[in-house]
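Shared between the two complexes below is chain A, which pairs with chain B and chain C, respectively.
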Partner chain A sequence: MRTQSFFDRQTTLVLSLLAAVAILVPSMNGLAAPGSALHLSDHLVPLLGKYVCFALLALSVDLIWGFCGILSLGHGAFFALGGYAMGMHLMRQIGPRGVYGDPILPDFMVFLNWKELPWFWHGFDSFPFAVLMVLLVPGALAFVFGWFAFRSRVTGVYLSIITQAMTFALMLAFFRNDMGLGGNNGLTDFKEILGFTVQAGSTRIVLFVLSVLALAGGYLLCRWVVGSTFGKVLVAVRDAESRTRFLGYRVEHYKLVVFTLSAMLAGIAGALYVPQVGIINPSEFAPAGSIEVVIWVAVGGRGTLAGPILGALLVNAGKTWFTAALPEFWLFALGGLFVFVTIFMPRGILGAVGDLWERSSQRFRSGRQPQPVTHAAE
Partner chain B sequence: MTAPVTPTLLYLDNITVSFDGFRALNALSLTVDHAEMRAIIGPNGAGKTTMMDVITGKTRPSEGTALFEGSHDLSALDEAAIAELGIGRKFQTPTVFEMHTVEDNMLLALKNERGPLATLFSRRTTHEKERIDALLERVRLTAHRYRPAGELSHGQKQWLEIGMLLAQEPKLLLIDEPAAGMTDQETADTVDLLRDIAMSKAVIVVEHDMAFVRDLGVKVTCLHEGSVLAQGSLDAVSANERVVEVYLGR
Partner chain C sequence: MGAALAALAAPLFKVLLMYCLHHILRALLLLLGMASAALAGPYEEALPKFANDSYADTDAAIGAVASSGNPLAVDVVEALRDGRLLIGSGQVFIRRSSGELINAATGQAWGSPAGELKPVRINNRLRRAIEAALGNLTLLSPDAGRRLEAARAVFRSRDEAVLPTLEKAIAQESQAHVRNALENARAAILLSQLDALPMQRLGAIETLEARGDQDALALLSNLPPDATPEMKAGAGKAVAGIHTRLALWEAVQNVWYGISLGSVLLLAAIGLAITFGTMGVINMAHGEMVMLGAYTTFVVQEIIRAYAPGLFGASLFIALPLAFLVAGAVGVLIERTVIRFLYGRPLETLLATWGISLILQQGVRTIFGPTNREVGTPAWMSGALEVGAMSLTYNRIAIVVFAFSVFAVLLLVLRYTSLGLYVRAVTQNRRMAGSMGIRTNRIDALAFGLGSGVAGIAGVALSQIDNVSPNLGQGYIIDSFMVVVFGGVGNLWGTLVGAMTLGIANKLLEPYAGAVLGKIVLLIAIILFIQRRPRGLFALKGRAVEA
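Showing the complex of A and B:
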């Protein structure tokens, strides 16, 4: 019961903080005079927007890892696929304004001497179609992958390894020019999104606010899923998988549903990320990237939903600061942080805070009651 | 479904399970009737747990027939489908969902739609609450309703697991060593509980504790090396020379 009330408070807290961020960042950027202490410079808006997208990605990993015990080390793949779907739309929006001025073909295709648009590029000139693909492509891959993996009862470290192999294979595939997705360079030089200049300050503000809204929506969706009986079954699978089977639950179906849902959330995060950073290339599929996401989740607190959001924001802010100030030490700092958290805060920052909160509220409660024994003991 | 070929609830005929040439079950045949309680005894490695694995779909027999209610072929179904048919299983070491409250453990076990969409959109009903109330009362865990199951004592976990079995409303309960690690009082209470359950449901109990088996007062099957060595009342089985030799000791 106590944990229940903690979680309800948590939801209120997360939503109010996100609302505050969604209001503060645009007003500090737009209203506060440049030069004043409150002013947020233009280049920081897409940077913060990037962190928010990473937070949504971390949330999607927490949904499967924290609540169902599926440790995906390849979630960057779903993020990147969502990003590529959005990137393809933005490429089509360039129209004849590319360097080569071809009315249909993106620059890299002209460069490769391609004569016509590959079949899978058709439809991406429509924004609604691209949005649909942002959800469907990662979702379909997760569904097919999960169908085989979960039905064969691949679990634990073996599953983690094949998710890692999946993202690695995709990275190699996307590096190839023949793939028709820009090869090594990926997709970039975006001009407009829905008629608005991608680089414009106002567009970036809108993208930032949309990212925060997506994060808030993703959080509420996860909170609802986790709070339902479905969510209780997920935790049951995490803690005692075969017991859950003997109770009559088809564990593989549950894993498949939650894995697909999580991949779609990751896809949305990737789609919002691409217009803000202005590029998507195969390095987003890098296995190390997916492992980093798991670190954000572990640092923030696995299985808490709010923790991974916090973890993603803190670790990425740290990364930005470190790579500017002490670039050669960043990886050591990240490794050290992971070791520190694993040993001293196994439940992450939020888990540690939750324990502290519980302990202090218990002390508060017991402190109010008369305790004649303690005096005698002293 | 084809017409029942046997009137018994559980029908195992000539079941063989081999692991790398080792025969964990060797042409085992056993039948259990509706509302019958059966105690299974036998030395370690006799095949007791493997038999439960076959009945619940965890292990596929390499030979033989396993039928439930005369028409369902257990060797062709998975764990979830067999649980849906009405076979519940309690493990040797109590296995409950430790992070969930006692109430949520019961809720997950309640007979309900088991599909992901059904659970995603399900709402708690008063009927469910009443069922849980009654079951918690029966396994004496009402006072612990909101505690995480991981905090319960060993005996309480055993009872919670039996309560979860009842919540599934099975026709056949498989219970592996219910008295292990229990105090004498808890053991006696467990005997009463199982006898009460067996009034309306079939129960198979695997147990090493001979005093417990005696208290149950039911037909006993002794397994040895994967097949039935002796069967009958406990006195008759205990008097069997082979049983004394391989299991009870002289």
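Showing the complex of A and C:
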């Protein structure tokens, strides 16, 4: 870590950009006249909100991969669990306005001929309880999973594979109707959140601003964790795990704490994502989705906190553009991106920019030609 | 009151009238028939009844023909069963399976029939009568195959009238399996026969218990209403015994399904084990190599269909080496262009190969379209082998045999060739192997090609049991990882044990937990297992492991 003060240049830049977005997007949507070049149409607000949630998810992956060397291929599971917790609250808020008009049971339970609410649905009618669950459910799963995995020193690709197995098992489980969470279709058809209509433009603006605030909060939290002594140990674990252990640190405890924290961040991202897109279903658990998150981090630059935010925004904007303009080529582009980034830009965009910056300033200071940097030298 | 009575009486009257008319008509027809065949025997007498094409007459005719002793009787009844007994202008004909038409009364060939011919209709009741008559007719046939068939027919029809013939047939039967079938048939009849001796009926229960299949179970669970307490107790015991036996067979069947699934997993995972073992590289594009093999099979079959349809039976054998070459070449290409820049960075390799898998999937989707492609099954692979109470389909047997042959060949290659020696050396200690003069780069490329090629031939096999679509590989990748992680790397036996354990466990769990829940339970079990043995069942030991 090069930086010493808490509010270094990068933090200031990220926070001011996020603040600018939080002010600009609502005003361009609400104040600029429709039709003017500055106007942001209504459907773009939840789309941008989705990107912001993805950025928070990418940040949570970067916290463990970039700073602790844990490559989780199952972080989509924590994201989806947070989303399901929020979705369950929104389902309970529908009340008697569902298609079948049952005051207690969601539509899909009436359809499946269920007589009463399963035990795990109780309490979700309360918003504070749902928010608590958004943090606790992913956190608890991560804690239990991490407890077993880190204690028995499952590392590297083995850990990646079993995180993938975890999200795959959850996907299969959530696809079942017996699970009591909507099966294949998931949870959808939401009406209100805290008394505000989910579909309304104003609600969406508020949700967007909340997502940006959550991202800024998540960034600051990660910045604080990474800058602390705890964070220094994490980096030590990443770079030389055995050595850190021999120095007397309980490596598994450090990993467990940061893994659980990261899962909770992912859960928050999922909870903010669901009311904006209006649906949560088991496909969010798909292993492919979790791997895609990793590439956002890799593109932006892992081990930098601004990188995953940048990567998530860029790749998702690219995905939106490609799937609309050249749907055939999106997977080629994404696959190519995976290969290109891992071979030619192992430290991502921010890493590459940082290298350039360093080289040019070095040249400026010393006036000598820079040393050629080989890509594979890591 | 009166109106209600009248309303009831009207349909009753109608039915009575119809009944009387029917009988008068029947009597008239009978008279006519007798007049036309005044000098003939019972066979010739009965034959014209078929021409009426009424169910009651056909029933009577079957009985009469069967008991007539005429050599043509079997042919007539069989033709009736198969819809080959034809009537036209008051005469009855048999159409042989060769298409030749003969006169049923004389047995002589009949060139061109006058007027239109139509088959005699039969219903389910008549079908039973036909079965019984055929049983009676063929129980004493000199041909053992026919006798066996007849015994089975009697077992199904349970016609009491056959009993005397049956006893005679049992007394003179010399072949054990035919005799067994005949005794089964006798037991089935005796069980439901009210005037049989209690001892005979108890004996019948024992015979049926020894038979021990679903049919026997059905007979024993539906005892006739007059059954004595002794019989009921005996049948209850027999039913319990049969249930145990059938449960045992079902367990054996499930184990077989498990071995079959395990072979599929073995095929999909064994190439992965080689690449993971030698290079520590997780090849996420491995599933796509399987897919390439399956599409190679598709292309080979298309070419054969277009240019040499006669070779279709051999299409899989032609596809095998081609699939190995295609997938192996793609594997070497991937290794040389991407993976060799990423050594020492396994997590990055994982991401890059995932990217390659996306590109390959989309490439195949662009070329062949997103839908499933039809890959045919050669004739020699269709059908099933009956073993006891289960049936093993030939394509599953072929895959099990194939998987084990691939395993054996790979084992030999790794054990006895110089390539295998180098691969093992690099797996155990890369730097030491390099110091001893092994060109590790070259071995990496070859091992990667070998692993990919094996995935390709796995694709040929899987094209027979799975949909050939661009997503084919995706379905196997997580399962293959589980096998490799469970079995441990660097040892093919680990892969074998891992694949078979997972396959059999999966199929044994399925009846209790359902397919999806069973799989979830298994995934959780593997996640927990890795906690105990982080390097799998057959882990490499020594200091090289931690490197």
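In this section, the second predicted complex is superposed on the first by the 355 of 378 C-alpha atoms of A that agree within 3 Å, B and C clash if a C-alpha of one lies under 4 Å from a C-alpha of the other, contacts with A are read in each partner's own complex, and residues count from 1 in each chain.
Simple rule for what comes next: contacts are C-beta pairs under 8 Å (C-beta built on N, C-alpha and C of every residue); 3 or more make two chains touch, one makes a residue touch a chain.
What you see is a predicted model; the values in this text were computed from it and never measured.
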For this session: Evaluate whether chain B and chain C can sit on chain A together after superposition, giving fit or clash.
Result: fit
Exercise. Counting only touches as set out at the top, which of chain B and chain C does A:175 meet: first, second, both, neither?
Worked result: second
Exercise. Which of the two partners, first being chain B and second being chain C, lies in contact with A:253: first, second, both, or neither?
Worked result: first
Problem set entry | chain B versus chain C as contact partner of A:118, first or second or both or neither | neither
Exercise. Between chain B (first) and chain C (second), which, if any, makes contact with A:101: first, second, both or neither?
Worked result: neither
Exercise. Which partner does A:230 reach: the first (chain B), the second (chain C), both, or neither?
Worked result: first
For this session: May I ask you to name which of chain B and chain C touches more residues of chain A?
Result: C
For this session: Please indicate which partner A:240 is in contact with in the superposed arrangement: first for chain B, second for chain C, both, or neither.
Result: first
Problem set entry | Smallest separation in angstrom, by C-alpha atoms, between chain B and chain C in the superposition | 8
For this session: Please identify the positions on chain A that touch both chain B and chain C, taking each partner from its own complex.
Result: 242
Seminar exercise, completed: In the complex, chain C touches chain A at residues 280, 282, 338, 341-342, 345-352, 354-359, 361-363, 365-366, 474, 478, 481-482, 485, 516-517, 519-520, 523-524, 526-528, 530-532, 534-535, 546
Problem set entry | chain A contact footprint on chain B (complex, rising order) | 56, 58, 78-80, 83-84, 88-89, 91, 95-100, 104, 107-109, 114-116, 119-122, 146, 164, 168
Seminar exercise, completed: Within their complex, chain A touches chain C through residues 71, 145, 148-149, 151-158, 160-162, 164-166, 168-169, 172-173, 175-176, 242, 287-288, 291, 294-295, 298, 328-329, 331-332, 334-339, 341-343, 346, 375-376, 378
Exercise. For chain A, which residues count as touching chain B in their complex?
Worked result: 1, 225, 228-230, 232-233, 235-236, 239-240, 242-251, 253-254, 257
